Amino acid sequence: MDRPLIIAGKTFNSRLMTGTGKYRSIEQMQHSILASGCEIVTVAVRRVQTKAAGHEGLAEAIDWTKIWMLPNTAGCQTAEDAVRVARLGREMAKLLGQEDNNFVKLEVIPDGKYLLPDPIGTLQAAEQLVKEGFAVLPYINADPLLAKRLEEAGCATVMPLGSPIGSGQGIRNLANIQIIIENAKVPVVVDAGIGTPSEAAQAMEIGADALLINTAIACAENAPLMAEAMGLAAVAGRLGYLAGRIPVAKVAIASSPMTGTITS
Amino acid sequence: MDRPLIIAGKTFNSRLMTGTGKYRSIEQMQHSILASGCEIVTVAVRRVQTKAAGHEGLAEAIDWTKIWMLPNTAGCQTAEDAVRVARLGREMAKLLGQEDNNFVKLEVIPDGKYLLPDPIGTLQAAEQLVKEGFAVLPYINADPLLAKRLEEAGCATVMPLGSPIGSGQGIRNLANIQIIIENAKVPVVVDAGIGTPSEAAQAMEIGADALLINTAIACAENAPLMAEAMGLAAVAGRLGYLAGRIPVAKVAIASSPMTGTITS
Amino acid sequence: MDRPLIIAGKTFNSRLMTGTGKYRSIEQMQHSILASGCEIVTVAVRRVQTKAAGHEGLAEAIDWTKIWMLPNTAGCQTAEDAVRVARLGREMAKLLGQEDNNFVKLEVIPDGKYLLPDPIGTLQAAEQLVKEGFAVLPYINADPLLAKRLEEAGCATVMPLGSPIGSGQGIRNLANIQIIIENAKVPVVVDAGIGTPSEAAQAMEIGADALLINTAIACAENAPLMAEAMGLAAVAGRLGYLAGRIPVAKVAIASSPMTGTITS
Amino acid sequence: MDRPLIIAGKTFNSRLMTGTGKYRSIEQMQHSILASGCEIVTVAVRRVQTKAAGHEGLAEAIDWTKIWMLPNTAGCQTAEDAVRVARLGREMAKLLGQEDNNFVKLEVIPDGKYLLPDPIGTLQAAEQLVKEGFAVLPYINADPLLAKRLEEAGCATVMPLGSPIGSGQGIRNLANIQIIIENAKVPVVVDAGIGTPSEAAQAMEIGADALLINTAIACAENAPLMAEAMGLAAVAGRLGYLAGRIPVAKVAIASSPMTGTITS
């Protein structure tokens, strides 16, 4: 009964996106992607290009006839750098058979400790990439005004973070994400920080359109099992959103009127 | 890969229990029970006996060859009252075909506003009912010492509440429930207060053995859809528990080493 | 403009109680008690009697003409034990010059890991001690029904815990403490778990009548400074409660109507 | 034992700033400013200039020989507008006797519902105002990278919001504010959203240098009493920060070794 997720005109049934980093092995990654039910997987262009540790053969290990590639600009500290890497990402997608893939997950991250994105550089890069025909999915702090600016600049989604990348702190800025969702006309994808299925479900329940989860799956003790858990949680949260939750009441409300008297 | 839930020697595959109160119609209840995938449904003995509003035909509307009945003592303010109603519940289960059903969800609730259970009366009633051969599932405040006392008295589970019945406030006493789980040798069933799938998943992730959810399903805008969401969330949370979550980190952890340099 | 705190007919101006355990030195304890502005200090009878490490000379180090002693039954695992220690506490108070002091902070704690109180044993001991003329201040889990039972048994206050003793986790069961406050006719003293001034203020803001804080002061890096902070926080929270906080609004509310237009 | 607060070379002893909006009367405002102990009061230039409702005589009602004025640009939707109003503010301060006052609280707020600031416009206006010799205190979303950019642009402080203006939701983005504090070389002033003394204390405890609170005081049931509470809470939180809180422990830690045995 749900409508599909549509990003830049392309339709997806799963609302969970995953990544390729940090898995213990290529096999773990393959099993986890499958178990999650995801249809979009993000790939760090820079690391694939340079064959960074853990990235050899990574791009070839995924069946790109079934999974839509979301090249990302991880490792870019400036707008210029990110624009350049985005172009490389487009080439990479083409080489791997996705001729019409113009998607890019835009990350402009000057800070090495918290890996938080630069709002100014992100907006600059987004404006340039939109001009060049990219479908831009920018990774941002949960700033409602920045989200609106990026939407007006033509971005395909906004991707506010729940908490720092890989931290597993969950959604630490729920209020701002709710405001972004309320105001957005493009899909809102909560990205970064989710550590547990309940946090995944929570993001979907407040109306997020999709999630991107990498570390919480790849670094779980049992990655494929956590992938399955996250896939189910995304659906559970989405259905919960559609089903319309009960209001929060200050006092208790009995399960039925206390009118019964026993005649035994 | 999960082991089943075993309560008083009886085996269940679903870890979600539901109820029968507050539904808009019998049909809504039937569809919701089905959609939730639950195998245990609790029934207010007192209201069925008295044919309270909304309870006519209720007991007959469920297929008791597939669903295990959990008679409850809702509406009882004292231990004596609860013991009496528990006995009626056993008769009811027998009449409906469950000859060997000795389960009772024990509620001793003197307070009409928050519907919080009386620890003293609950312990007294539990001791008596255990003596009479019941499998007792007591509804309690999340008090670790009381939980231990009830376990020692021979209860089949403990059922700590997350927040007041029907309030949808979620799990407001997580720390105590965690201590109960850590110490219990019987299954811990989180009961009351859950409002959303994320809250259901959260309870399972910290190691609860099962959940009982009624109002959040029955009073959702779309009850059967919420039932499905809760069923999925219980599984997602359980798998998340088994999969072993990532630790919470204070800072960010990049998805892969920042060693790449581009050679384009 | 505040009314004083009255416990068992005795009047106090400060709403912060402190303890004597865990200080680095007797001098630190003395300075901290002074800096906190407290008028009630709790003392572990058992440890003073046995001259446990850190307790030699402790009772003599406090000016009992200015500070009201609150003997406590720490270290007691059963009701019987607690009753016995309470009687010793009364003797100790008399010996130190407080002839009319019948106060006892009742702790019945069978569990050594979380130091959580036993509701059944606590109620039993309270009933006995009330009979013997004690002003009983029972340490309890935040269980509203138990609190009501203890009040009906004649206790002078109830002392729900915020979180385990010494844990500094803050107030992890706010909802239950609010219900206790709403229903209580005796003073409610939040005891255990508070780690910071903000948590102290929070307890007072929801209407607690007083606080008991020991570890958070004694084990702070600078104990007397933290004592001063806690004393101020208790007052700040109390005044905040009396002043009537603004409602929580979902959206923003401008500091004044946005009607201005500039005519420069 | 604390060092004073220094902003743009000017020294203050109080770490609480207040405002002038929304009071029920000029008298209430005067009493509240006094009771809070604050030394800095912010004034909406635009509303004073236009003599908006509730702002007639406002500027004259404060003793500017004792209170340092912080003109703000409330009501400005663009950088240009804010720069213009900041200049008017400087004139206003001079007219009221503060010849050397170059302070401006910079607000660029295009959104009327949540009153959230525009990061791009704020940075632009800040750069211009710094050039013109202003001490700029920008109101921002709690975005660590934006805070760093503003600091590098020469701002005198950063003023991250806790939650939307006037909402009383408290600090909804603690994690980001902590990162800002950790990285900032200029004072961090938490502004907007604080509703209670405990929330004020909490901001100070994590190391904020100061607070700005308006609505929570002006709209409290008893404004001067809440002003006093907030003043005390700011000090309590500051002392708590300086005193060094205890670590949060997972289990309980007894107030003294459980070695005592009674020899009665």
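Lettered A, B, C and D in written order, each chain numbered from 1.
The rule is short, and it goes like this: a contact is a pair of C-beta atoms (placed from the backbone, for glycine too) under 8 Å apart; a residue touches a chain by one contact, two chains touch by 3 or more.
Which chain is which protein? Per UniProt: A, B, C, D = Thiazole synthase.
Only a predicted model underlies this, so the values are computations on that prediction, with no experimental measurement involved.
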Give a one-word verdict, same or different, on whether chain C (Thiazole synthase) and chain D (Thiazole synthase) use largely identical residue numbers at their interface, taking over half shared as same. same
By mean C-alpha position, what chain is farthest away from chain A (Thiazole synthase)? C
Rounded to the nearest whole Å, what is the centre-to-centre distance of chain C (Thiazole synthase) and chain D (Thiazole synthase), using the mean of the C-alpha atoms as each centre? 32
Chain A (Thiazole synthase) to chain D (Thiazole synthase): how many Å between their CA centres? 34
Length of the line joining the C-alpha centres of chain B (Thiazole synthase) and chain D (Thiazole synthase), rounded to whole Å: 46
Of all residues in chain D (Thiazole synthase), the ones touching two or more other chains: 114, 116, 164, 169
Touching chain combinations (by label order): A-B, A-D, B-C, C-D
Contacts from chain A (Thiazole synthase) onto chain D (Thiazole synthase) in the complex sit at residues 110-111, 114, 116-120, 123, 141-146, 148-149, 163-164, 169, 172-176, 179
Quick check on the complex: what are the chain A (Thiazole synthase) residues that touch chain B (Thiazole synthase)? 1, 19, 21-22, 44, 46-47, 49-50, 52-55, 74-75, 84-85, 88, 112-116, 164-169, 195-202, 205, 214-216, 218-223, 225-226, 228-230, 232-233, 235-237, 239-240, 242-264
